[in-house]
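Letters A, B, C and D mark the chains as written, and numbering starts fresh at 1 in each.
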Amino acid sequence: MPTMNMIQALNSALDVKLNDDPNVLIFGEDVGYFGGVFRVTEGLQKKYGATRCFDAPIAEGGIVAAAIGMGAYGLRPVVEIQFADYIYPAYDQLVSEAARLRYRSAGDFTAPLTVRSPYGGGIFGGQTHSQSVEALFTHVAGLKTVIPSTPYDAKGLLIAAIEDDDPVIFLEPKRIYNGPFDGHHERPVQPWSKHPASEVPEGRYTVPLGQAAVVREGADVTVLAYGTMVHVALASAAEAGVDAEVIDLRTLIPLDIETVQASVKKTGRCVIVHEATRTSGFGAELSALVQEHCFFHLEAPIERVTGWDTPYPHAFEWDYFPGPARVIAALRRVMEG
Amino acid sequence: MVDTALKRGRNAVVLSLHIPEPEGRPGDPADFSKIKLPEPGEVRRPPIEVEPAEIRDLAFTLIRVLDREGRAVGPWDPRLPAETLRQGLRHMVLTRAYDDRMYRAQRQGKTSFYMKCTGEEAVAIAAAQALEFDDMCFPTYRQQGLLVARGYALVDMMHQVYSNARDPLKGRQLPIMYSSRQFGFFSISGNLGTQYGQAVGWAMASAYKGDSRIAAAWIGEGATAEGDFHNALTFASVYRAPVILNIVNNQYAISAFHGIAGGQRSTFASRGIGYGLPALRVDGNDYLAVYAATAWAAERARSNLGATVIELYTYRAEGHSTSDDPSRYRPQEERERWPLGDPINRLKQHLIAIGAWSEAQHKALEAECAEAVRAALKEAESVGTLGQSRPSAKEMFEDVYKEMPWHLRRQRQEAGV
Amino acid sequence: MPTMNMIQALNSALDVKLNDDPNVLIFGEDVGYFGGVFRVTEGLQKKYGATRCFDAPIAEGGIVAAAIGMGAYGLRPVVEIQFADYIYPAYDQLVSEAARLRYRSAGDFTAPLTVRSPYGGGIFGGQTHSQSVEALFTHVAGLKTVIPSTPYDAKGLLIAAIEDDDPVIFLEPKRIYNGPFDGHHERPVQPWSKHPASEVPEGRYTVPLGQAAVVREGADVTVLAYGTMVHVALASAAEAGVDAEVIDLRTLIPLDIETVQASVKKTGRCVIVHEATRTSGFGAELSALVQEHCFFHLEAPIERVTGWDTPYPHAFEWDYFPGPARVIAALRRVMEG
Amino acid sequence: MVDTALKRGRNAVVLSLHIPEPEGRPGDPADFSKIKLPEPGEVRRPPIEVEPAEIRDLAFTLIRVLDREGRAVGPWDPRLPAETLRQGLRHMVLTRAYDDRMYRAQRQGKTSFYMKCTGEEAVAIAAAQALEFDDMCFPTYRQQGLLVARGYALVDMMHQVYSNARDPLKGRQLPIMYSSRQFGFFSISGNLGTQYGQAVGWAMASAYKGDSRIAAAWIGEGATAEGDFHNALTFASVYRAPVILNIVNNQYAISAFHGIAGGQRSTFASRGIGYGLPALRVDGNDYLAVYAATAWAAERARSNLGATVIELYTYRAEGHSTSDDPSRYRPQEERERWPLGDPINRLKQHLIAIGAWSEAQHKALEAECAEAVRAALKEAESVGTLGQSRPSAKEMFEDVYKEMPWHLRRQRQEAGV
């Protein structure tokens, strides 16, 4: 089986769908001839022609509006928002339109679009190339939100997202495009090729939306994470010497509540990790749900380890990023609690 | 170190902030004297292959066909068979009767909200007739005439307005936010302007598939200020999308006169120029002019020549909605003074002028339409009005997603429905 | 002291500030000559002239952008977004610009604007005139979010918001513009004049941002609410015969954590009530915070009573609205727990 | 029941989706033959009181002052004293030297990111000189020339680029996102286009206060597609805001050629027409033309005549940023073939032509600017480069709000800073 990094895996997913389904087309800023600023669409225009994969004007709202119209026609557009930090001009189209079209038309019109966007920090991108926007979408009924953490999942989830009949926000943790990242920024970068999940089949397969993965079984504490933070959580658990059960949520909405609840009921402790600002982040919803579903099993307060409630500051990248030191401290606190 | 050249003397004028004002407010006389109207028939009709750059002037004039005597004059006369005209007249009369009745129903407490298109019927109905049935329309809440002209059942519109058990939208939408894929009527959003870029996307999809269907979108002059308007024009221009981008300039956006949207500084049609799109400015109360302009734009679109912007110059004869009272912000007799008259009267006059219609026939038509509305209303009300009848409350949780996720299933249980 | 409904109180706040401070100006759709679709700016253009209170183009993004520029100049603009459901076109300007300007310019430029917007349901407004958008702003560092529940608070909070040097999202529960609403839609509407908080001083006063109000003291359970739901919570507690402590948060960010925590530590139980969709609503953050601050005092799971995770459906207004029946049921559940 | 009129025959053409393509890609020859250039001096200069409707043609031509021999010709010659021109030249040379050095610094790993304005220096510098010092500029990341021309210290720019302990923005912003109220340089946002409407708001505020200061904003041709662009033009038109709305058409938006923003269908200047705004299209590599157009627009604004749109036609001579490699998407020798040359060479040639400059002086100027950059760099690097030196990590939590709320105080404690 070929070894792929996350960019190659995403590219392969798009390739598979362009090949399989003439109703799939791709557009976004710089995605055509150039292949995207992160190279996710590289080679696709050449292979499938300009009408299948093309550049769009710098108008995220226009991009999503056009995709909704195409979806209503019957196509399956996949659009790229160059950085998640730039998704806000499309917010109205996503929230008021894509999310509600099926509902308000009683199923008569649908918007089966996939919105791909690189997100998250850790690349010295400053406050406008680092944001984690997932909670702004998890609050919106009608949208699905998906975040992969490995090449294998990235490809399988992206194919599932494109084939899904509902609009999907597909956030790609750009820090781990080229290799997993355990939060130890001071150490040399590891390539994906050393990670088992870089073995990615060439053809079509899916990783179903709405299913979490228990990426490490453990008895003492449940760690809920997604994207880059899955790797940070795994490394932190190992370093802390805590027998943590680490769950990669993979899909935030719809959430795999069963896996979450089974784990916390078993461990009685829960640490939630995300890079987004804390207040009203998705961790708040996870905390509320765990509390609601597992109250009588909890032996310690649920902890949230998150980005601070500030913009992502350029010079303080590693003070902002919820790295191993903070995750380990939280693991230790809940174990004492 | 600062350049000395940067420190020159300054213009003596003190700046002041300009706030646009309309010609009149309640108590003032209605004043439309600033409106310059070219003569009917005066504006040339270029071939559809014309370069947009060669017809920029058409964005600043007004395409008119019907003259004061009801004659059709000039190159834009679509030369339609009398039967088509009579159908158009019927659709307009029926739409007005429907509006009047549903407005009354709201006043009677039978529903929460209603919006009329009185005075603007030609905008939707002539367009519907100039388009093919399967072209996709992306309307605002003021193009109910499209549904009427395409033969959608009045009673289904009423079910929607009443959110009753037969509401095709299952009680989920505000009254008048119709939707029908079958009738090529895209789901109306409460959010202004959003449909404009979606129409362009639909048209791009049609072109992508090598289809022959085109899209048509409508937007109010007030809503042209939204970013969606700009996005739509950009995408339509860049990808030469087969779409007709209609701007319905009915002079008002709720209480705000057109100047708040920029209407005192240029025409709305002229917005198209900067995108290299052909732009026509059309008498929106002239059924023949609307038909002809739509047909021209549709032919261009179908010939792979791309999008056309059409400003339909008209007047919102009544309140914005049942929540509005226009006497609070505009002169009372504006409606009567509107220089372009009423679209129904003008088409009627034309039909009479060409000997294809009579006052008696018109009376009969009005009676027939009133009766059609009455019959439909009876049927709708036999199902029920808002609150008396409604779809199953289960419907609240359906169609959020294609398949209901666990959290909605649980909430539905919690709701006990 | 005069009796005012909430509209009059808000109008009075604007009047006071227009009179006090020449740098205050108001604009928005239909707010000028007409006085706003809910009449909150009635008479202000006439009294202060067109440059102090004027109509804006239907471009919420443009309105907020202009207000940010004015704020950077040194003015204190107060803008109205006609319905909170229409705030999304301004989302980028609020999140990327207003919220971050002070931070990214190291205090050199600021955006002291106030964004007023009628929000919430209960008026048969359908899915686009009923939304509760607060959680989309509470997640954004740099914004304050304020929601009054009475005429007295509305005026005092609005003056405080205008005088505040940070951007404030000021959400006005439109259902209670004309009278308090306890959720019993089947009963006749009560006017504000019967409510003590309709006594509103004519002149300037403030209700400080960041301070909650304990609107009913109680020993058994803490109810956290804001806006319309404060009245529903009070009525529900009375009907349920539960000795609830009802807290009106008034400001969501910054939250008055001390009042919340003191109460829950006392009662050991907590019910959170809001009208917004549940998932990732502000109730999730409240639940997470209460859990974090009061874990060892909690005797029952924290409950959330909220709008469902669907759009606000026209015909099912009262099935959607988290009314007394649901609040009472939750109170009973936590008392049993 | 469906109208028969709706069911006519359909045009036989099969629709197809048009995707704009540039004239050339890597490996192709650079081809600018489609660019039509009027002669220098050819375009008329109307009085500032002119009605916008009378000068729509100015949006489709190109205002040029410098001819091939370096002479200043025609009505737009601003007739500047030689000293001003020499200052302008110095600012441009200094800006280029600064850019080259900081680009290198990024390549040396001293910072994370850098963006040059090479080939576009006149756009910012001539404008800075034509404006008053206290007019407020709302730039993009490609108008660092404004700061240089206004005398902002290079070393402070470097501190920002290095996010070091002296960074005026306290380590919070990506390199080159400068901000200085004192120098009338509005905080640059990473989000394209957002500054455009803010500039209009600032200008409205100035007018509201009876001030005499005006605002000027810049946007890339690519970013004109954002809704903010449309909002800005609408508000500027409606309220006659004293603002200059510059569009820098440097042919590219990262890898996307201007056609993706609509540049093959009309000029970017012509976007102004639909709002009734006067719009000038200007050779952006001609220092004199940029100066003259800016001065004309500034005088209009200061005379309470409102906003002007200016398209500055130029060429992005280098990569988009340090993250970009233009050889992947455009012909190699485009830069050399760009028909409007280089702004520094052209102003230098002009100064020599009028006898106010020499090759020797130019060499000396280059050496002096290189030295100024070197000296500033030495000072900046003595403080430290990215990661070696930085402001106190406490700064991470300051200025989120004016006063730090409890949750940030607690997080600061948690962070241990």
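Assume a residue touches a chain if its C-beta (ideal position, glycine included) is under 8 Å from a C-beta of that chain, and two chains touch if they have at least 3 such contacts.
What you are looking at is a predicted structure, and each value in this text was computed from that prediction instead of being measured.
Highest C-beta contact pair count among chain pairs: B-D.
For subunit A, the chain whose average C-alpha position is most distant is B. For this pair, subunit B with subunit D, the centres built from the Cα atoms lie 39 Å apart.
The geometric centre of subunit A is 32 Å away from that of subunit C, both derived from CA atoms.
For the pair subunit A and subunit D, the distance between C-alpha centroids works out to 35 Å. For subunit B, the set of residues touching two or more other chains reads 16-17, 19, 170, 172-173, 177, 189-191, 204, 206, 208-209, 225-228, 230-231, 234, 238, 260-262, 400, 407. Shared contact sites, meaning residues of subunit A that touch two or more other chains, fall at 51, 56-57, 59, 61-62, 85, 88-89, 92, 96, 100, 103-104, 127-128, 141-142, 253, 279, 308-311. Residues 136, 138, 168-170, 172-173, 177, 179-181, 186-187, 189-191, 194, 196-206, 208-209, 215, 227-228, 230-232, 234-235, 238, 398-402, 405-407 of subunit D are the ones touching subunit C in the complex. Residue ranges of subunit C in contact with subunit A, taken from their complex: 61, 85, 88-89, 91-92, 95-96, 100, 103-104, 127-128, 135-136, 138-142, 253, 276-277, 279-285, 287-288, 291-292, 295-296, 298, 300-304, 308-311, 337. Contact residues of subunit D toward subunit A in the complex are 16-17, 19, 21, 25, 112-113, 163, 167, 170-175, 177, 189-193, 222-223, 225-228, 253-256, 260-262, 323, 328-329, 386, 390-391, 393, 395-397, 400, 407-408, 411, 414-415, 417. Across the complex, subunit D is touched by residues 29-30, 32-34, 37, 50-51, 54-59, 61-62, 85-86, 88-89, 124-129, 278-279, 308-311, 313-316, 319-320, 326 of subunit A.
Taken in their complex, subunit D has these residues touching subunit B: 1-8, 10-11, 13-20, 52-53, 56, 60, 80-81, 83-84, 87, 128-129, 131-133, 149-151, 204, 206-212, 214, 225-231, 234, 237-240, 242, 259-262, 264-266, 268, 270-277, 299, 302-304, 306.
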